[in-house]
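Some structures to go through are shown next.
What follows is a pair of complexes built around chain A, which joins chain B in one and chain C in the other.
Entry: the complex of A and B
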């Protein structure tokens, strides 16, 4: 049972990152290969700031810095390349991944760093006959809150309506008078801001290393493809599923654990070629 | 990305004389280099460059014919290397046969997987190939009993291979020639294939899959075949690697190797079959020139990738072809 909750924790991470990818894909029809690296940069910024302002200060600053980076990314990478093939953006963000990893390695070194959880959340609580760190539950709560917040925002706000419209068809939405460039800057900022958020909360849970981003982006890709590229609900379900499978796999069949998420994905794609939330054929 | 190949291919099917000359010169050069270059270090570097050039050629061929970017070709490279290595450990097949199996196995895997994944959008294809390759890496990393995990395993090779002394494959001087000739033959073969009916068909599918289907062509199997072929080329590189080093680590499966191959293919320009190989040479020259800066090598290579992708989308080979056509004086 504890393992199931651990799977939930990992799934929560995957969701926070994957939903950023989904948001960006919806608006720009591109994949941000550097998303995992932004997650990693977010984690390091939070680490650096936490030394002065504590965990919560680190959280706020990291999210803000990453959101600002997102605006820059949209303005100077996604927008100029919008007319090119999507693979061009993929390659450019792939290049960015190398640059960011090297920058972080230069500043903070390549050794593992750890961040203590904030005092408020550092205890354990009894659960199913053993104890469980409060912090892990906090991670799940954050993911659920983000999921709920995003769902409400997309469903009920006017901007949310635009975002949904644009992710169905950016061109038509633009023709209806929606400024998709501005919208995209906002959406990319939210996506990268979430990368900052998950990077920050990853600090006390995972060890920080410059390669942590490249490591997690792969599971994220699996989640996004399984969920059906541009679906928010699909990403949510897929993240929880993959998180669960990943974790149980590591506990019970460590040698083959890495194959299990792929097996799930293959199964899903065989049954529904466009992913879990794929609309028809 | 979607321009037609620069030669209207129906116009001349005959192999131009210059290509034959280039082929002969290239083979001769490969045999002469070790006699001219005496530095063992330089030869070692060049051998590595040529092995990676074979990998990049495989990746580039898939880009060229199908417009698909595989982020997982290290898997085929590594599977081939591990096939030879594990065969040495368990002694199932004679090494010559194991080498053939090491090339056919990744090709077969790619063909079967390809039937499913070449249909996907190009982005999903890239993401999936990465994920699958990484899964193989993790298996080799974690399954210590099989192949000694992260520490890698030494590969037992016989003293004679294909009638040649094993030293031939392990001395940089002779191995450079072997790898070079493999590279030249591979590029030439793929180049001929790209001009064939099959090559033209796959380019047509790349340009407009729906239209090709409407004209009455089957569009999935040809793309899966190209994928299998490019996997086989990556596997050849893996075999060369394992023969040369007689050692294999999970690093041969790691995504950064696929990444390097892509970077080479993009820098060299995949529109020409020989572009990725050229890119590989430039890559290693850059790396050598970077000298003290090699600590920041990832950033250099990342920045180069960004600059080339944005400013020179056809890569160095594209520039060379454009220059060549200009020199010919506007005949077309």
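Entry: the complex of A and C
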């Protein structure tokens, strides 16, 4: 049972990143390979800021910096790339990943760094006859809160309606007077902000290293593809699924663990070529 | 008074020139039709007006303004609402949401969810169903309703009769006449002669990306049109 909750924790990180990828893909049709490195940059910024302002200060600053970075990315990378071939986009964002990794390596070095959890969340609580760190439950709670918030925002707000419309038909949406460029900037900022959030809360659980982003991005793409490419619900379900598979794999069949998520993705695509939600194209 | 004016426009998709030295005007409150065979560039006229096709020579002015560049969302804000060819109902959105999307431009006027539903009662009945689940005729009403939600000065309809049964086309004609009786100008891109005849006051005939004939509708007969359009 404890392992299932650990799977939920990993699934939470995957969800926070995957949903950002889905948001960005929806509006810009850009597969953002650099998303994992944004997660990593978020973790390092939080680490640096936490030394002065504590964990929560680090969290706020990291999310804000990453959101601002998202606006710049959208304006100067994604918007010009929106008309290019998917391969070009992939290569550019892949290059960006290396640039960000090297920048972090230059500033903070390549050694593993650790971040302590905030005092408020550093205890353990008894659960299922053993104990469990409170901080991990906090991570799951954050992911659930983000999922619920995003779902409500997309379903009930005006801007959420425009985001859903622009994700399926940007030209028609623009013809109705929606400034799709500004909308994209907002959506990309939310996506990268969530990468910052995810990186920050990953700090106390995973050791920080410049390659942590490249490692997690593969599982994220597995989640996005399994979920159905442009579906938020699909990404949520797939993140939970892949989180479990990843974690149970590590515990029971460690030699196959890194292969299992890919096997699941292959299986899903064979049975449902458009992913779990079936909304992809 | 002229509302929309295309003045000697050359328009392109990429390097391909579609419109050649094309001039068209639509007056305030006027109902104008553009006729022509498939592939002569009728839709490109619409796309040039909303910034999807590039204008490299000539000017497009709307109201008193001649914007240096047009984006599709700026066209909507200045008061051009398009009912696109093929209707383009946004998948995944309900009928109500498709209508609310039309109000995104935020222009004030008589049209809102209730008044559009009074014009097309079926839209209220089916408000919560997916827009793409409706029949062709109902989707056309939705597309027109969505355009009206923007409270436009100019309503552009690109082949609205396409794929509709003749009886539905007649109803469409009556609706457009009703709409055109007010302040709203209508630019109707059509191949269906009877719809044009019912709705328009003035017409242009296009061939190979240029206007080859224009006039008032009284002077236009099926026969005189036959040399340009498959009726």
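Following the convention adopted for this analysis, the second predicted complex is superposed on the first by the 278 of 281 C-alpha atoms of A that agree within 3 Å, B and C clash if a C-alpha of one lies under 4 Å from a C-alpha of the other, contacts with A are read in each partner's own complex, and residues count from 1 in each chain.
By our rule, a residue touches a chain if its C-beta (ideal position, glycine included) is under 8 Å from a C-beta of that chain, and two chains touch if they have at least 3 such contacts.
As the structure is a prediction and not an experimental result, all values here were calculated from the model.
Asker: Count the residues of chain A touched by chain B and by chain C, then name the partner with the higher count.
Answerer: Greater contact footprint in residues on chain A: B.
Asker: Look at A:62 in the shared chain and tell me whether it touches chain B only, chain C only, both, or neither; answer first, second, both or neither.
Answerer: neither
Asker: Report for A:165: first if it touches chain B alone, second if chain C alone, otherwise both or neither.
Answerer: In the superposition, A:165 contacts chain C only.
Asker: Identify the partner contact of A:102: answer first if only chain B is touched, second if only chain C is, both if each is, neither if none is.
Answerer: A:102: touches chain B, not chain C.
Asker: Quick one: is A:174 in contact with chain B, with chain C, with both, or with neither? Answer first, second, both or neither.
Answerer: second
Asker: Between chain B (first) and chain C (second), which does A:198 come into contact with in this model arrangement: first, second, both, or neither?
Answerer: Touch status of A:198: no partner.
Asker: Per the contact definition in the header, classify A:226: touching chain B only (first), chain C only (second), both, or neither.
Answerer: Neither partner.
Asker: Which chain A residues come up in both lists, the one for chain B and the one for chain C?
Answerer: Common to the two interfaces on chain A: nothing.
Asker: Spell out the residues on chain A that touch chain B in their complex, using ranges where they run on.
Answerer: Residues 25, 30-31, 80-81, 84-88, 90-92, 94-99, 101-103, 106, 214, 218-219, 221-222, 224-225, 229, 254-259, 261-262, 265-266, 269-270, 273.
Asker: Taking the touch rule as given, give the residues of chain C at its contact with chain A in the complex, in rising order.
Answerer: 50, 52, 71-73, 75-77, 82, 84, 88, 90-93, 97, 100-102, 104-107, 146, 150
Asker: Quick check on the complex: what are the chain A residues that touch chain C?
Answerer: Listed in rising order, the residues of chain A that touch chain C are 158, 161-162, 164-165, 168-169, 171-180, 279.
Asker: How about chain B: which of its residues touch chain A in the complex?
Answerer: My answer: residues 1-2, 67, 69, 116, 119, 121-124, 126-128, 130-132, 134-135, 137-139, 142-143, 255, 259, 262, 266, 296-299, 301-306, 309-310, 313.
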